[in-house]
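The structures come next, written out as structure tokens.
Next, two complexes with chain A in common: one pairs it with chain B, the other with chain C.
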Partner chain A sequence: SPRPVPAGPGWACRAVLGEGHQRTVRKVAWSPCGTYLASASFDATTCIWKKQPDGFECVTTLEGHENEVKSVAWAPSGNLLATCSRDKSVWVWEVDEEEEYECVSVLNSHTQDVKHVVWHPNQELLASASYDDTVKLYHEEEDDWVCCATLEGHESTVWSVAFDRSGERLASCSDDKTVRVWRQYKPGNEEGVACSGTDPTWKCVCNLSGFHTRTIYDVAWCHLTGALATACGDDAIRVFEESSPAAPQQPTFSLAAHNSPGRAVTLHCSASVLRTSVEAEPSRKNRPRVSFSRHMSLMARAVFPVSFLE
Partner chain B sequence: MAAASSGADMFDDIVMAEERFHGEGYQEGYAEGSHIGVVEGRRYGSLHGAKIGSEVGCYLGFALTWQCLLHKCTDEKNSKKIRVLDSLIGMIQKFPYEDPTYDKLQEDLEKIRGKFKQVCSILNIQSDFRISTERSSLTF
Partner chain C sequence: LIRSINDPEHPLTLEELNVVEQVRVKAISVCFQQVNDAESTVAVEFTPTIPHCSMATLIGLSIKVKLIRSLPERFKVDVHITPGTHASEHAVNKQLADKERVAAALENSHLLEVVNQCLSARS
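After this line comes the complex of A and B, so read on.
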């Protein structure tokens, strides 16, 4: 078994998975059990890699999307996987004990490029963010997956979505430079929010605007502290904390200030964070490589993506 | 008095002639344009409808053929395939072809397309069929 990597500034590259994709690898995701790694690529495929004692082996390639796969995410149960693409669709895949993957649904609800998919922390509920300015939610209903909610409000592309620890709330970030927090209202809720049938209604309860000066590409919600972090095209990472304890129907988030009061509250992180943007170079026949480097493109002036350590 | 008012009416006709002709011309043009519009719209609708019919018909033929081919297979793996095929056939047969004003028309069509993609994935068939290598793939 591999030696444990010492924590600290040293990170050793353990494996280079160069033979799987023919184009940009846009997203990678570890399965909840940690044995599998899914990689979503612009070559329209998603590879599933299995961790072996001596490296990683590609156990299967999921095909079907018509063009660039933008995101992939594992459900907490580990049995389901979701992918989304520029072809406007979201695919839900199921994996069985024999490591066989099967497509259980192709969802064509979005009207434009789908940028991101994420699973609810404890339910089989899926969220997707799209260039069509909406967030959509999906669940299984009578043996088929359906879109059960559409969150409208953003004025431009929604780049990413994150659930809070309980899954009662969802944060979305957008090209419109705002982060919106949405809350679930179940049928029969005491606030009197109308619901259709047994599906909960999601309403926007907070709109963080005026903090970001460019497109916000990613948002992460810390499941330990409840803090929100954003990755923005103005080269900054911002961390927001919820003002306690506000009315749950109208939460307020404020920028977590650094030491000196009165100064600009934007947090700029250390060099190590600036360098975590991973660029996978198109694999060349004999020398494929994945390297950690600063993005050189326009969008890459942004910090993209951002996540909390579990 | 009578002579004076009839004199004013006579000039009125001449003075208002342009406006009157303009109005009449507009009415005639509007009627003609509406008629041409209906004809063109009908032609366009007919083409568009045929395209959708052709696409859905293709999915139906494909699904019925596979249903037939897998008809005798009773093992677990194939029962899943048959279930999904049945689901696609059911969706297609339930679709209201006679009603272009059906409010969920686009939504149901997208569901049919999604189900077709799922069927292809499960049958391990590429959904962009190529009839022959030289010809372009079957696109809708």
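After this line comes the complex of A and C, so read on.
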């Protein structure tokens, strides 16, 4: 059974949910209302946990994927959930007031494992990242979920995607050691970018290359400051800030902070705090050496997920 | 260290290796392409016995596991096929480089057993 994790300053472990999954838990996500926690597992299921006064209760288990579930994400509305898997599919689930979950779509657009799903901040638009080197976008069209865009350009697996605050741009990170920023161009746009029908076109407007020396596993876009953070297999966390004045069609980002293995580097994130966690490999001991404070010193190993606190 | 790895036979992907039943002993040629102690990286190339060897993934996986077990934890291990020696080298290399697929595959006790057999048998 899982061992209790030593708490950092100001943090206490409230619960260990050890009975839900039979294999690695790959991703967890809080619902927008904060009452529910979804957990995605290699055992091909996604558990939905409800916060109770005395702990958490598993209210349902979402089944259907053929193999490892890699990611789960709640839509901002709170009524929709998305999951994705090595089985190449993305599933969209609807939840009603009676806590009943129903799969409303199985999207088979990707040709390889799907690593990550994330929702647009204010539209019912879903993005997925895949081993097939693409990012795909989906929305509902006449009661059916469809793939409305495919973002090509990465030269290897796309591990993660993040939208900026407005949702006009998204950032993707890849095994090809680059982060790409894509921008949405709606039909009739001033820049003259062609669109087919009523769907926006997404174009790559920035390619951050030469900064990372190994696979980039995660990217986070701070909705407060606009900074981009990356989690890389070379054991470093990098924070990029957008150069101003902002040139929307050709944004440039510069490296604002970077921690390297063996050296503690202080990251000053003025308005927001960077949270990250250390990967745990099944056969090795997990040695977290991360502390949280306004000015942070980080020594991490093979950074896997990274996110900004809202 | 490396010479003791066998050369078995069957399907291609990490996940398909699940059904491997039998392992046959044979030597495989491995080259330490680069060892960088300061940066904690090791890159290894291996040459499958034939260009269509369907066990290339299992061989690569076994090499990777052997190195990870033998080296200090800080090491990043890259295992790939010697360029030009296999018809599906890109697909095999990509799987071996995907730590999530490797980790998920190794959670399978049967595959782990096959890998251990590969690593333990003597010719």
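In this section, the second predicted complex is superposed on the first by the 255 of 310 C-alpha atoms of A that agree within 3 Å, B and C clash if a C-alpha of one lies under 4 Å from a C-alpha of the other, contacts with A are read in each partner's own complex, and residues count from 1 in each chain.
Simple rule for what comes next: a residue touches a chain if its C-beta (ideal position, glycine included) is under 8 Å from a C-beta of that chain, and two chains touch if they have at least 3 such contacts.
All of these numbers come straight from a predicted model, not from anything done at the bench.
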Touching partner for A:S89 - first (chain B), second (chain C), both, neither: first
Chain B versus chain C as contact partner of A:G233, first or second or both or neither: second
Which of chain B and chain C A:R214 touches, first, second, both or neither: second
Which superposed partner A:S105 touches (first chain B, second chain C, both, neither): first
Broader residue contact with chain A after superposition on the shared chain, chain B or chain C: C
Contacts of A:E68 with chain B and chain C, given as first, second, both or neither: second
Doubly contacted residues of chain A, that is, touched by chain B and again by chain C: none
Touching residues on chain C, where the partner in the complex is chain A: 15, 40, 73-74, 76, 94, 97-101, 103-104, 106-107
Residue ranges of chain B in contact with chain A within the complex: 80, 87, 110-111, 113-115, 117-118, 120-122, 127-128
Residue ranges of chain A touching chain B (in the complex, touch as defined): 63-64, 66, 89, 102-109, 144
Touching residues on chain A, where the partner in the complex is chain C: 23-24, 42, 67-68, 70, 86, 113, 115, 131, 156-157, 175, 214-215, 233-234, 261, 281-284, 301
